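Across the two complexes that follow, chain A remains constant while its partner is chain B and subsequently chain C.
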Partner chain A sequence: MSLILDNMPLFLRGLLATLQIGVVTLIASTIIGFILGTLAVTRSRLLRLVVRGYVELLRAVPLIVNIFFIFFGAPLFGLQLTPYAAAVIGLSLWGGANGAEIVRGGLLGVPRHQAQSARALGMTEPEIFIQILLPQAMRAIIPAFAGLLTLLVQSTTLGALVGVPEFLQISRLVVERTTVMQGIDPAFQVYAFVLVIYFLLCSTLSFASRWLESVLAARGGSRKTGTAKSLLPETVS
Partner chain B sequence: MTAPQASAPLLAISGLCKNYGAVSALDHVDFEIEKGQVVSIIGPSGSGKSTFIRCMNGLEMASSGTVTFEGRQIPLSNQRAWTKLRPDLGMVFQDYSLFPHLSILRNIALAPVLRGRATKAEAQDRALALLARFGLADKAHAYPVELSGGQQQRVAIIRALAMNPKALLFDEPTSALDPETIKDVLDIMLDLARNGMTMIVVSHEIGFARQVADRLVFMAGGRIVEQGRPEDLIARPQSERLVEFLRHLAPRTA
Partner chain C sequence: MDFDPAYLAKQLPALWRGLLVTIEVSAIAMLIAFALGVFGATIRYLRIPFLSPLLWFYVEFMRNTPLLVQMFFIVFGLPALGLTLPLFWAGVVSLALWAAAFHIESLRGGLATVGKDLHEAGTALGLGKWQFLALVGLPLGLRVALPSMLNTCVSLLKNSAMLQAIGLMELTFVAVDKMAMDFRMLEMFSVLLVVYVALVFLLSAAANWLEYVLQRPFRI
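Then we have the complex of A and B:
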C-alpha cells in the first residue's frame, strides 16, 4: 500500500492523461460521428456508401493495428507524430466510426411518419432534421455516447503500446522501477490497484450511461428509443 | 401557368398516374374540388386512394399528370414548390403523428412560426383558442403520450388548422382509433365541414360522407370507378365493384 501512496503523484498524472485522452477523443468522436451519421441517412447513395466503407473499415481493423499504422506510418509521409497524438487520432477515428453508427441508428429509430407529418406541415428538410428528427434521436444517442466514452477510456490503455504515458503505462513504469531499485516485484499490488481504478472509473461511466438512458426514456414516454446502444461493439479489439 | 379564374376549382388534378416500377397505383385520375366542398373517397385497400391523396400535396411524387392549386400548376418533381404549397393544404394522417418530444402547444404552434405565418405569441394564442374550441384547453401543456388516441388525432387536426389552410386532406383519420373515440374526431370533422372548410377525406366512414360530403368518390384499381352525391351512390351503385364494396362495408356501419 505504501508503494501505491509513494507513487501517487505519478499515478495521478497517468490517470489524468487517461481521462484527458478519453475526453478529447470523445469530443472528436462526437463531431465525426454526427457528421458521418447524418450523411449515412441522406438520400445520396454515394454518401451512404462512403460512410459505410469508413465505418466498416475502422470497425473491422483491430484498434491497436490502427494506432500502430498511424504512429509508424505517419513518418513515411513526413509527419512525426508523438505517441499521444497517434493514440488520440487512432482512437478518434475509431470512436467516430462507432459514433456514426450510434447517430445513424438513433436517426433511423425515429418513426418514418414523423418526418412525413412535419413535411406535410410545410417544414423544410433542414427544419425537420433539427426540430423533429434530431431531438427524438438524441434520446437514444446520448446514453449510447456515454457508453462509447466507457469504451474509449478502456481503449486508452492501447496507448501504452506506443508509449503514451497514460495510467497503465505509468503503472508499468512504477513496477519496473521498484523492481530495479528495491529488488522486489510489486506487480501484483500495482496491477490490482490499476484494475480497481479502471473498474471504478468505467463502472461509474456505464452506470451514468444506464441512468441517462432511463431518465431520457421516462421523459420520452412510450416511444421506442431506437437500437443505437446495441450497435456498440461488445469488446474492444 | 394560367391566371386563376373566378370559377376555377381550388384543386384540379388531371391524368394523374403513379407507377411503382411496373405496378400502376394510379391510372389517369381526374379530380376537382371547389372551395368549401367536402369530398369523401372510399375504396378497397390497394385501390390507390391513399396514394392519390398523398400525391395531392406531393408527399408521393406522381409519375405523370398535373396538379393545379388555385390555378397554379405545381411541377411534380419540384420539392420547393410542394413545400411552399403544403401549409395551404393541411393533412391529417391515420397515425396522428404528433411530435412526441414537444408539448401539445408546441406541436400546434411550431410550423406556423417556422413558416412566418405568425409570431410565436400569435401562434400560441391561436393554438390555445383552437384547443379551447375543441374541448382540449387543459391539454395545452401535456405531451402527446399523455393523450388518448382520439385526443391525439383531434390535436393533429388542430395542428393542421393552425396553419390556416385553404383545404384539409384526411388520410384514413379514424382507422387507427378505438371505436369510442372515433365519434370525437368525426364531430370535429363535421364541425369543420359545416363551417365551410374544403375537405378531401379518405375514409370508410360512410356515415360522415352521408352527412356532409358533397360528393362521394369510389376508387378501385387505381381509378375512379364511380362518383356522385353520396346518397345516390350508396342507394344506386352502378358498378359491380361498388356493390361488392358496400356489401362488405355494411356490417360495420350498420
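Then we have the complex of A and C:
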C-alpha cells in the first residue's frame, strides 16, 4: 500500500493522461460519428456504401492492430507520429466508426412520419434535419455516446503498447522500477490497484450513461427512443 | 516502400504458426467461456444465495475494467500468489474469464425472457427446478441469448491480438516481431488485415448459420 502512496503523483499523472485521451478521442469520435452517421442516411447509395465499408472494416480489425498500423505504418506515408498522436488517431477512427453507427441508429429511430409531415409543411431538407430529426434523435444518441466514452477510456490502455504514458503504462514503469531498485515484484498490488481504479471510473461512467438514458426517455414521454445504444459494441475489441 | 511478395512468402511459415496459436487460444477460450457462461447464468437464474450477488459483481467488474489490465494481472500479478500459468494457458484463462462475464449477462437476459406461464406449465407437468431449466429454460433462453453470445465470441477472437502484449506468439506478435526486425510494414499489415477480416467473416458466417439452424423448430 505504501508503494502505491509513494508513487501516487506518477499514478495521478497517468490517470490524467488516460482521462485526457478519453475526452479528446470522444470529441473526435463525435465529430467523425456525426458526419459519417448523417452520410449513412442520405439517399446516395454510394455514400451509404462508403460509410458501411468504413464501419465494417474498423469493426473487423482488432483495435490494437489498428493502433499498431497507425503508429508503425505512418512512416510509410512519410509521417512520423508520436505514440500519443498514434493512439489518439487510432482510437478516434475506431470511436468514429461506432459513433457513426450510433448516429445512424438514432436518426433511423425517428419515425418516418416526422420528416414527411415537416416536408408537407414546406420545410426544406436542412431545416427538417436540424429542427425535426436531430433533436429527436439526440435522445437516443446522447446516452449511447456516454457509453462510448466508457469504452474509449477502457481502450486507452492499448496506448500503453505503443508507449503512451497513460495509467497502465505508468503502472508498468512503477512495477519495473520497484523490481529493479528494491528487488521485490509488486505486480500483484499495482495491477490490482489499476483494476480497482478502472472499475470505479468506468462503472461511474456506465451508471451515468444509464441515468442519462432514463432521464431522456422520461422526458420523451412513453414513445420509444430508438435503439442507438444497442448498436454500440458491448466491449472494446 | 514496395510490396515484396517474395519477402512475404518467406515469412509465411512463421505467420502460419502464429495464426494457429491465435485460433487455438481463441477456440479453447470460447469453449471454456461458454461453459462458464451457462454455469454462471444458471446460478443467477436460480438466485442461489451469496453466489448470485457475487456473480453479479463479477460481471460488473469484468465489464468495467480493460481486458489488457486483466491480462497483466493474471500474467504478472497472480504469480505472487503462487499461481503461475504457462503463457498459453494464461492467455486462455484471461480471455475465457473475460468473455464468460459477457456470456453470463447475455444468457441471464435470455433466461429472463422465458415466461412465467411456461414455468407454471412446467411445474404442472411435474418438472423440478433443474429439469425445467435443462429441458425448457436453457434451450429457449440460449436461442434468445445466442446472437449477443456469438458477438462476444467474435470480440474474443479479435481481442486475442492483445495477447501480443504478454508475449504469446500469436499472429499479431509474429507480425509485429517481423516488423521490428525487417521494417517491412506493408507486407505484415496486409497479412494482419486480410487474416483478421477473414477470420471475423468466417466466424460471423458460422454464427449466422448456427442461429438459422437453431431457429428451425420455430419456422413454419
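Simple rule for what comes next: the second predicted complex is superposed on the first by the 237 of 237 C-alpha atoms of A that agree within 3 Å, B and C clash if a C-alpha of one lies under 4 Å from a C-alpha of the other, contacts with A are read in each partner's own complex, and residues count from 1 in each chain.
The definition used in the following text is that a contact is a pair of C-beta atoms (placed from the backbone, for glycine too) under 8 Å apart; a residue touches a chain by one contact, two chains touch by 3 or more.
None of the values given here were measured: they were computed from a predicted structure.
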Partner chain(s) touched by A:132 [first = chain B, second = chain C, both, neither]: first
Which partner reaches more residues of chain A (counting touched residues only), chain B or chain C: C
Touching partner for A:123 - first (chain B), second (chain C), both, neither: first
First, second, both or neither for A:114, with chain B first and chain C second: first
Partner chain in contact with A:20 - chain B first, chain C second, else both or neither: neither
Contacts on chain A seen with chain B and repeated with chain C across the two complexes: none
Contacting residues of chain B [partner chain A, same complex]: 57, 59, 83-87, 90-91, 93, 95, 97-101, 110-111, 114-115, 143-146, 156, 159-160, 163
Complex interface listing, chain A residues touching chain C: 57, 60-65, 68-69, 72-73, 75-76, 150, 154-155, 157-158, 160-161, 168, 172, 175, 185, 187-188, 190-192, 194-195, 198-199, 202-203, 206, 233-237
Residues on chain C engaged by chain A in the complex (per definition of touch): 1, 60-61, 63-70, 72-73, 76-81, 102, 148, 151-152, 154-156, 158-159, 161-162, 164-165, 172, 176, 179, 185-186, 189, 192-193, 196-197, 200-201
Touching residues on chain A, where the partner in the complex is chain B: 113-114, 116-124, 127, 131-132, 135-136, 139, 220-223
